[in-house]
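Reading through the structure tokens given below for one structure.
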Amino acid sequence: MHGTDIRLARLFDDESGRSLITAYDHGQSFPLGARSGSPRRTLEQIVAGGPEGVLLTPGMLAQHADLFARRGAPSVVLRADWTLLDEPDKHELGERYRVLVDPAEAVALGADAIVMYLIARPTDGGMFADNVAAVARAAQQASRAGIPLIVETTLWGLRNEDRKDPERLATVSRIAAEIGAHAIKTEYVGDPEVQRGIVETVGDIPVLTLGGARGDDDAVITAAQGAIDGGASGLIFGRNIWMADDVVGTTQRLSAVTHGRVR
Amino acid sequence: MHGTDIRLARLFDDESGRSLITAYDHGQSFPLGARSGSPRRTLEQIVAGGPEGVLLTPGMLAQHADLFARRGAPSVVLRADWTLLDEPDKHELGERYRVLVDPAEAVALGADAIVMYLIARPTDGGMFADNVAAVARAAQQASRAGIPLIVETTLWGLRNEDRKDPERLATVSRIAAEIGAHAIKTEYVGDPEVQRGIVETVGDIPVLTLGGARGDDDAVITAAQGAIDGGASGLIFGRNIWMADDVVGTTQRLSAVTHGRVR
Amino acid sequence: MHGTDIRLARLFDDESGRSLITAYDHGQSFPLGARSGSPRRTLEQIVAGGPEGVLLTPGMLAQHADLFARRGAPSVVLRADWTLLDEPDKHELGERYRVLVDPAEAVALGADAIVMYLIARPTDGGMFADNVAAVARAAQQASRAGIPLIVETTLWGLRNEDRKDPERLATVSRIAAEIGAHAIKTEYVGDPEVQRGIVETVGDIPVLTLGGARGDDDAVITAAQGAIDGGASGLIFGRNIWMADDVVGTTQRLSAVTHGRVR
Amino acid sequence: MHGTDIRLARLFDDESGRSLITAYDHGQSFPLGARSGSPRRTLEQIVAGGPEGVLLTPGMLAQHADLFARRGAPSVVLRADWTLLDEPDKHELGERYRVLVDPAEAVALGADAIVMYLIARPTDGGMFADNVAAVARAAQQASRAGIPLIVETTLWGLRNEDRKDPERLATVSRIAAEIGAHAIKTEYVGDPEVQRGIVETVGDIPVLTLGGARGDDDAVITAAQGAIDGGASGLIFGRNIWMADDVVGTTQRLSAVTHGRVR
Amino acid sequence: MHGTDIRLARLFDDESGRSLITAYDHGQSFPLGARSGSPRRTLEQIVAGGPEGVLLTPGMLAQHADLFARRGAPSVVLRADWTLLDEPDKHELGERYRVLVDPAEAVALGADAIVMYLIARPTDGGMFADNVAAVARAAQQASRAGIPLIVETTLWGLRNEDRKDPERLATVSRIAAEIGAHAIKTEYVGDPEVQRGIVETVGDIPVLTLGGARGDDDAVITAAQGAIDGGASGLIFGRNIWMADDVVGTTQRLSAVTHGRVR
């Protein structure tokens, strides 16, 4: 067992074997604007909810490192890359992808895991090829640095009509697994049995599902439960947690679903 | 506390917690022409004004290092990158951005902080993606080298109609904060309360406002006061200082505003 | 004799001097979809068949390393690069090639050999030039790292009408040999005597033939026998083995052909 | 004082504080053709003239190192980059710029200083941006390696109509100074007072003027004298010296002008 | 005297001061096809002819190292780069150039010298600029690694109408000399006196002429003699040797011409 395995195992609850990670890496790509308020206040609530991990960017980690510098604090999951997420910008400027931080830098920043995108079916084939190569390279570097790489597989490329197409999500998730992902973050496709097919095809690594745009509370819980029923090892939810009126309560409800303490 | 924090703290006046930095990095991008005279004479006046720091380029620092090589001299803030600023050139040649100096080289030159641009909404999406990646990489290198990185967030991209749009300045400033800026230099948007929203969204790092093209004396003081009222931790003013008839007096007036010794 | 030679020799059966390698690197480029099932189950059957080696990707090796971590297990042959294989994608996005893993990383992962593509006659001359340079560089790195490089020479470029043209396969295989391949994986052209010409022109290095898309059982055996009759030192077959109803039996039949224990 | 300063000072005559450098780096970009004769014979005459330095390329230095390997020999000033100089080629192929040698390699070759171009206003903005970045990087490397960098600022870009426009030469020379030049080589603009404006704007570094295409003897002397009168610290003349019928005599006449031993 | 000089001197016969090198690097770029036979048989004949050196690629050297691993064997001259040579391909794909091996790798492979192309007047100016930069960089690396770099200067660029134009060959050969070539391989232009102009303009480094496409026996001998008469220090002939019916005899005839043992 190597550092990568030790750190990956620590992301998951010892009893349930599952993990709830709150994502708060949106400000790097989304237009938050001048009324979004202090990130510290938001992060304090996220941490108070008690998820197993928090996904955030290098700058937010550096600014708020004190929130994570205590025994029992959530694991730090670092966003290591960047893509253009704003739809009008993507159409006007072309799709774009860049790596921002390498695994050794992530370890130096205090991170316990890193997340990188693998964005299927962009209009520019060079971007996909570069993305595949960047993730593969990072997987080797992460193994050397002793930190796990979670690959976020999406159908955000502009050639996709259905961003939850199970066949295409399975294919891109398998590609991520083949090139070295230590875990997968992907969409919940809406059907536990179909989701199970995705979970199986990536092999012996955990799959966590993402929350996406803010939805209705019941729908969010249903999706979370469906993902767990479909074999997911956890959730990485963002806007459905930190944009909620009650961040702590929402985290706790999703945590209960994640760890099977509901129904 | 690391070297980056020590050096960042030293940029700010111990009592007011704020900083006035005189920018003199224009010759690298602006057409100064054959009648601009000796940079030494200008820098001597800038230093005589007693700002907390002076922003200048590697070449000007190397030539005039003696002005900064004494106890109590202004901090040296180094311009580490380059962009095409001349508007006709930008239209004719396309927008361009390059990194010139890395953080370790800046430390070797005697700098106490570095400044890099993050230019929002250029027409070429590749330039923005490269700019994001370059700043993120420099933020990691700066942390390792022990020198703070001030990111100058602007709406200079040719897709902007309003270069002081508060929402877009907030968004690009937040991106800079997410990817690792240790401080922000940005526009004053003309309204202290709106400015406060920008200051809040970047989190626990100082925001300094820039002066821009030379303006009427009263307007300059009003903008400086508005920025401070809006929560700015200081000013980085250039042409409104060194193009003034009385460089020393102008510095002192802006210093008084910065440190709250007026009204 | 150097590590590269020792490891290359170990790929081949001591008695017959030949090798059967089962390829299972398809998931990195082919759309396997949500119903492809667990890779572990497939790999267990592949290993149970007892080939001399198994070709797989870095992620699949890392996940299933236990299957290869015992004395007498098949050699690990690592796919070190990536190309766009889906035909509609190639037409829509352009052909693409990237290196994913370097030889020293392959050794660290536990690999005994690496495989890289040399794809002749793509529509983009830059891709071919980059491919030649990447294989040549990897050949030098592989020699230094002590691991053999098998170059898979193909006519998959979109300028080819006949993907089994013997003249063009001979030319690209010779290019691979000139730039440093330690062994060649290429098509069986359907005629043992013509195949022998390809085997001769690459010089003193072994040639293994590939299986390609799944075919009729008898046709597969005939092609395997023809390749061996034409001087091939072995087979690297994938879909014709792991998509078979009886993976172990199919492996054994092909093994018998490879080592000349039939007829 | 650092190696860079020591070596820069040694380029200049101790008494006059000025320097005459004979440029013989033309063969790398100009079509010299089959009748240009032996470079050794030319270099022997250049050295016999007794200039303070000789500007030449890495290959010519390596071949004729013996001419410079004696006490009192001219300093070696190395051309470290390359550009397409032939006008028809520039129109047909686009303008091009490349760095050939880095400062540490120049020191290893025995050079005392290096020269690099900064070519203003090419039609391709990417070339100018790359040129700025290359010179800035070399300036830092040169400082580390302990060798001065002379930046040759020109208006050779195809967007220029007047290659001696004083405003534009001042601007590009100032850019060179800002990004770290230790000395400037530029055009004489034809008027000592206007030239003085260029000399002043680059600050506390020496300016040497270039000779350009071969001219009438009297015109050459007049231009040399004008440059010195305008504050130049020396001359870097090439074709007007080594294409002259009397290389030694011409060098001596220009040396007299340079060091103020005429009139 | 440095390793580069020692190894360069050893390429030349001690008595005549000249060298015959047999080139066998064609398989990397030419379509040899399925009937070209075993390279070992060809190389054995080449070596039996007793030339001073054999030019071959990294893969052919590695495969047939035993032929060169004995006292008195021909020197190993390694082809270190690659270009698209097939004319229809060049028109369809654009001209291409890549470096495959660096000088230190060549030394590790057992080479005594390396050969790189400098291809004048391609249609793409970026290719020529990259070629110049690659050769210049390799010249510095070769000097450090202690191995001589022979630059093969050609008019193979598609903008050339006459591939033996003496003026243009002189110019590109001089460029090669300026950027650091330790020796030149170029065309024989058909007239010893004109050839002498090329030999002179490159300075104090040896010039060897190339053989090109297979020609009539008498014409080949005449060209060889003309080159020697024009000041060439040797020949690098390929197809006119190894495609000959009597490889050993042809080598001996050309050797006699090279060393002046005929007439």
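Note that the chains are named A, B, C, D and E in the order they appear, and that numbering of residues resets to 1 at the start of each chain.
FYI, contacts are C-beta pairs under 8 Å (C-beta built on N, C-alpha and C of every residue); 3 or more make two chains touch, one makes a residue touch a chain.
Just so you know, these numbers come straight off a predicted model, no measurement behind them.
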>> Which chains sit in contact with both members of the pair chain A and chain C?
In response: none
> Which neighbours do chain A and chain D have in common?
Replying inline: B
> Rounded to the nearest 5 degrees, what is the angle of the rotation relating the C-alpha atoms of chain A to those of chain B?
Replying inline: 70
> Approximately how many whole Å separate the CA-defined centres of chain D and chain E?
Replying inline: 35
>> Please tell me the distance, in whole Å, between the geometric centres of chain A and chain E computed from their C-alpha atoms.
In response: 56
> Where in chain C do residues touch two or more other chains at once?
Replying inline: none
> What topology does the chain contact graph adopt: line, ring, star, complete, or other?
Replying inline: ring
>> If the ring is traversed from chain A in the direction of chain B, what sequence of chains comes out?
In response: A, B, D, E, C
> Which of the residues in chain C come into contact with chain E in the complex?
Replying inline: 123-126, 128-130, 132-133, 136-137, 139-140, 143-144, 159, 166-171, 174-181, 194, 197-198, 200-201, 203-205
>> Using the touch definition from the top, list the residues of chain E that touch chain C in their complex.
In response: 25, 27-29, 31-40, 57-60, 62-64, 82, 84, 89, 92-94, 96-101, 105, 108
